[in-house]
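Two complexes, one shared chain (chain A), two partners (chain B, chain C).
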Partner chain A sequence: MSAGSATYPTESRPAPVRREPVIPNGVLGMLIFIFTEVMFFSGLISAHAIVKAQQAGVMWPPYGQPRLPAQETALNSLALLVSGVVLVLTWFAFRREQNSARIPLLLSILLGCIFVGFQGVEWVALLAEGLTMQSSAYGGFFYLIVGSHALHAVGALAALIWAFTRLDREELTAHQLATVSAFWYFVVLVWPILYWKVYL
Partner chain B sequence: MIRRLGGWLGRVAVIAGVTALFIGLMPEVVLACPVCFDARDENRQAFLATTAFLSLLPLGMVAGAGLWIRRRTRELDELHGDASAERDDAEA
Partner chain C sequence: MADTAVDVHHDHHGHDDHHHGPTGILKYIWSTDHKIIAMQYLFTGMLMAIIGGYMAYVFRMQLAFPGISVPGFGQVSPGEYNALITNHGSIMIFWVAMPVLIAAFGNYLIPLMIGADDMVFPRINRLSFQVFFLSVIVLMASLFVEGGGFGGAWTSYPPLSAVAEYNQTNLGSSLWLIAVALEFVAFLLGGINFITTLMNSRAPGMKAYDIPLVAWMIVIASILFMLSVGPLVAGAVMLLFDQTLGTGFYDPARGGDPILWQHLFWFFGHPEVYVVLLPAIGITVDVIATFARKKIFGYKMVLYTAVATGVLSFFVWAHHQFIAGIDPRMANVFTVTTLLISVPIAEMCFVIIATLYGGSIRLTTPMLWALAFMAEFLIGGVTGIFLGASGADIYFHDTYFVLAHFHYTFFPIAIIGSFCAFTYWFPKMFGRMMNDTLGKIHFWGTIIPFNFIFIPLFVLGMGGQHRRIYNFQHFPELATPEMFQLRQIATISLLIMIAFQLVFFYNMITSWIRGEKAGKNPWQANTLEWTTESPPPHGNWPLDRMPVVYRGPYEYGHPDREEDYWPQDEPA
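On to the complex of A and B.
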């Protein structure tokens, strides 16, 4: 061997094992987004709580303003909650066999569409009865809080539909499903709090 | 000894002076907030509750995420530790 020449080990070594990430990138990004959205809704709820407290002793909802349809919305909320449960079942079905996740995912999307559709019908009725953004702080908070949630629900539904099209083409990965599911779980779990604070 | 005591007293005097300056500059009450000094109990309670809620919520979320990541890291460590032990056994 000549001086200065490098020597390299020639024996075979086991190939390095790629570790599974602690959190997939998509899920981490979604979690950070959800954290910011939790603070956004918390700010709205806090502002609503303070304005409502300022009206202590005064009629709330204000005189002349229509009452929110709490019972009908409770039924609609059930559709949203069931949609979340069905999405959990979708996850387990996907882990077992990808094709078996199609029906529960589609059912979850349909239940989500029912929720958003009914909310739209409710809005049209309330607008017809005179509850608008400008009619009172009550109306302003209602449309701001419930409208923000509806926007998130539509966005999450779009993500679920995207996941379904990928699943249909057998291109959906577990990380992608986990990411879009996290968004939908947020939409589902934040709703009971909004319902309690706004409708009841 | 006397010189050391003098230096210590000087430092205490400077700290006390700066603290007094800060206290002197602090306003007695912050009148800009429309709810902090509301006479009604409901309003004050709502303000305090929402302040506590908005202060603790981000801390709770970050702490929860940290604990979850720690637990997940340990699970993966155990999983990969077992896998590498099995691989070593197979190679032996």
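On to the complex of A and C.
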């Protein structure tokens, strides 16, 4: 064993102790999932950017396609951002006294629903004006990207409503609230980037 | 410990370790135990390997003896041929390599190796297998719908894959795509579990550098998978919409771009190679350390080079597209990154060779598999240099040289690596030893024909034989007697290899029933899974005797000790 004797360190270790995880399981799992989601939206956005860049000489949006309602959506985006801020307040309220988190959590859910609902109204109007998934790559990407975001928003809202029912029964734990909130923060924070890339 | 894991404890064995979950057959179908889920993945993967192997048998027969009625299949039509090669590729990568190497061994080994009672999210783990099983059903269904299975190759390039008039498999191609997407969901759920478990549930005393390398490798592979799969899911949704809703994302006539799919696919597709390679290397390193009775020469070297490989693997994807019309300046950049990635992999090979040097080598069956993995993968790696260089690739692209190259990488990964792991951990999984003589017969009966299948294909590829041709008789310059001889050598070797797999199944079943009892630690190995019963009980260790870690996983042949191994949980 002369060849390997130099590789044996004589280290003395402190006695093993059980350590609490730095990030709780649920939150860590959710964060890993969010990384995947970030890559998913990056894929969509870069596909959109490539197709848009190839049309540089041509018109974008293509001739005869309606323009997207950038101002109205900006206003609507504000509802989503405020909802995110209210959820931060919910967290602090929950940490202080659990029951005081009810109203801000409900407000956050309501603002989120307003955002999703208004986007739905906008879609109906755009469809009436002749912008469909089949009408052009422009329309296809609009519905694909905004639709993916809407699906995530609906899923996150369902999770927030689940958290609210648990809070109502005083069963909600801080880890659960943090896990659910992490997903909603993702939905809120990814939206300005999508708005910038798709609407502007 | 984990909230959910603790829940399971209360649910399932709060009262003197008795299992209160579903009983009877349901225990095996509806279980949240990581070992049972691992078995589900393992045996589903094995079944899929048989199906994928059967497909290879059918189309190899057609290539060597065009037009014959293949025993067990009948005459192969061009459409069926395309469906067979497409689904052979998809099955072997997504339904064999991934479930066996990552899901089965990841599920089985990670909690046992880090001293946890289960995964942190047991129910998500169960859901992962159920979604995976659904994907198997959808894929199998896609072969039997009207028009037959999808035949546009596993890379599924549009417009062939997007337009039903071109591929003639309207329903088959959509079902294939849905099956792949479901499979990704399954591994997403599994990957979240692996990463979180490794980070949060380690036994007291187990630091980052005390984790066995195979556990590290599976987790690094999961991270790679999680980071690379998003863009492909985005691309797959777009392709599905092109197929079913009539959108034009990949249709240049309507403002789309077909090359876009290639970028999205290979941004995932190339890291995917390393997603399956890293677990196989981890298994090899573990087995080699055990049977060389020596400490790994460079534990941190392997770990860091694995991370480096992972990072680099995100910057090499366009080497699949050198002739797809990408900018030649970009091709140069991707040539450099592609050749760079051989550096970390070569370092891992050097670590393994240095570990073998001066060791007291025991040539058991798993050790033979591990050594064969190294030898065969090396050939795959070296032939990759020609394909990574954009100049040479212009000639080699889409020939049998490429095919032989990636079979020399994927076969060692998916088949040799899996056999290595299976023969090594079989005593732990089933409590009995496998027959070593039969194991060695199976080993040589697999390795020798394997080389006789693919070395002729290298030669054929250099002779200009194109991939994806149904019948070479239609091309006079590819239909010479010499070329047909080489094809027949490959096909007959495949038949021999398939025949030798019967030895494996015979060995597996007889050893399972009446093999020699294995005991806790038949290989005198150090890692934690060898400190519990074989097979481990529900919860892995008795609640009051959960393991505690005092040292690294590869302390073999310590000069101050009488035994040549030093288990991780033995106090100093």
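Assorted remarks:
To be clear about the criterion, the second predicted complex is superposed on the first by the 180 of 200 C-alpha atoms of A that agree within 3 Å, B and C clash if a C-alpha of one lies under 4 Å from a C-alpha of the other, contacts with A are read in each partner's own complex, and residues count from 1 in each chain.
Heads up, the rule we're going with is that contacts are C-beta pairs under 8 Å (C-beta built on N, C-alpha and C of every residue); 3 or more make two chains touch, one makes a residue touch a chain.
The model shown is predicted, which means the values in this text are computed figures rather than measured ones.
By the document's definition of touching, of the two partners only chain B reaches A:A49; chain C does not. With both structures placed on the common chain, the touch criterion links A:Q134 to chain C but leaves chain B unconnected.
With both structures placed on the common chain, the touch criterion links A:R19 to chain B and to chain C. By the touch criterion defined above, A:G29 reaches chain C but does not reach chain B.
When the two complexes are superposed, the chain touching more residues of chain A, out of chain B and chain C, is C. Within the superposed three-chain model, A:I114 lies out of touch with both chain B and chain C [touch as defined at top].
Once the two complexes are overlaid on the shared chain, A:F40 sits against chain C while remaining clear of chain B.
Comparing which residues of chain A touch chain B with which touch chain C, the overlap comprises 17, 19, 23, 35, 38-39, 42-43, 46, 50, 54.
Considering their complex, residues 2-4, 120-121, 124, 188, 191-193, 195-196, 199-200, 203-206, 226-235, 237-238, 241, 245-249, 254-257, 260, 263-264, 267, 294-295, 297, 357-358, 548-551, 555, 557-559 of chain C touch chain A. The touching residues of chain B, when paired with chain A in their complex, are 35, 38, 40, 42-43, 45-47, 49-50, 53-54, 57-58, 61, 65, 69, 72-73, 76, 79-80, 83-84, 87, 91.
Interface of chain A with chain B (complex): residues 14, 17, 19-20, 22-23, 31, 35, 38-39, 42-43, 45-46, 49-50, 52-54, 56-57.
Put simply, chain A touches chain C in their complex at residues 1, 3-5, 7-8, 13, 15-19, 21, 23-26, 28-29, 32-33, 35-44, 46-47, 50-51, 54-55, 62, 133-134, 136-138, 140-141, 144, 148, 173, 175.
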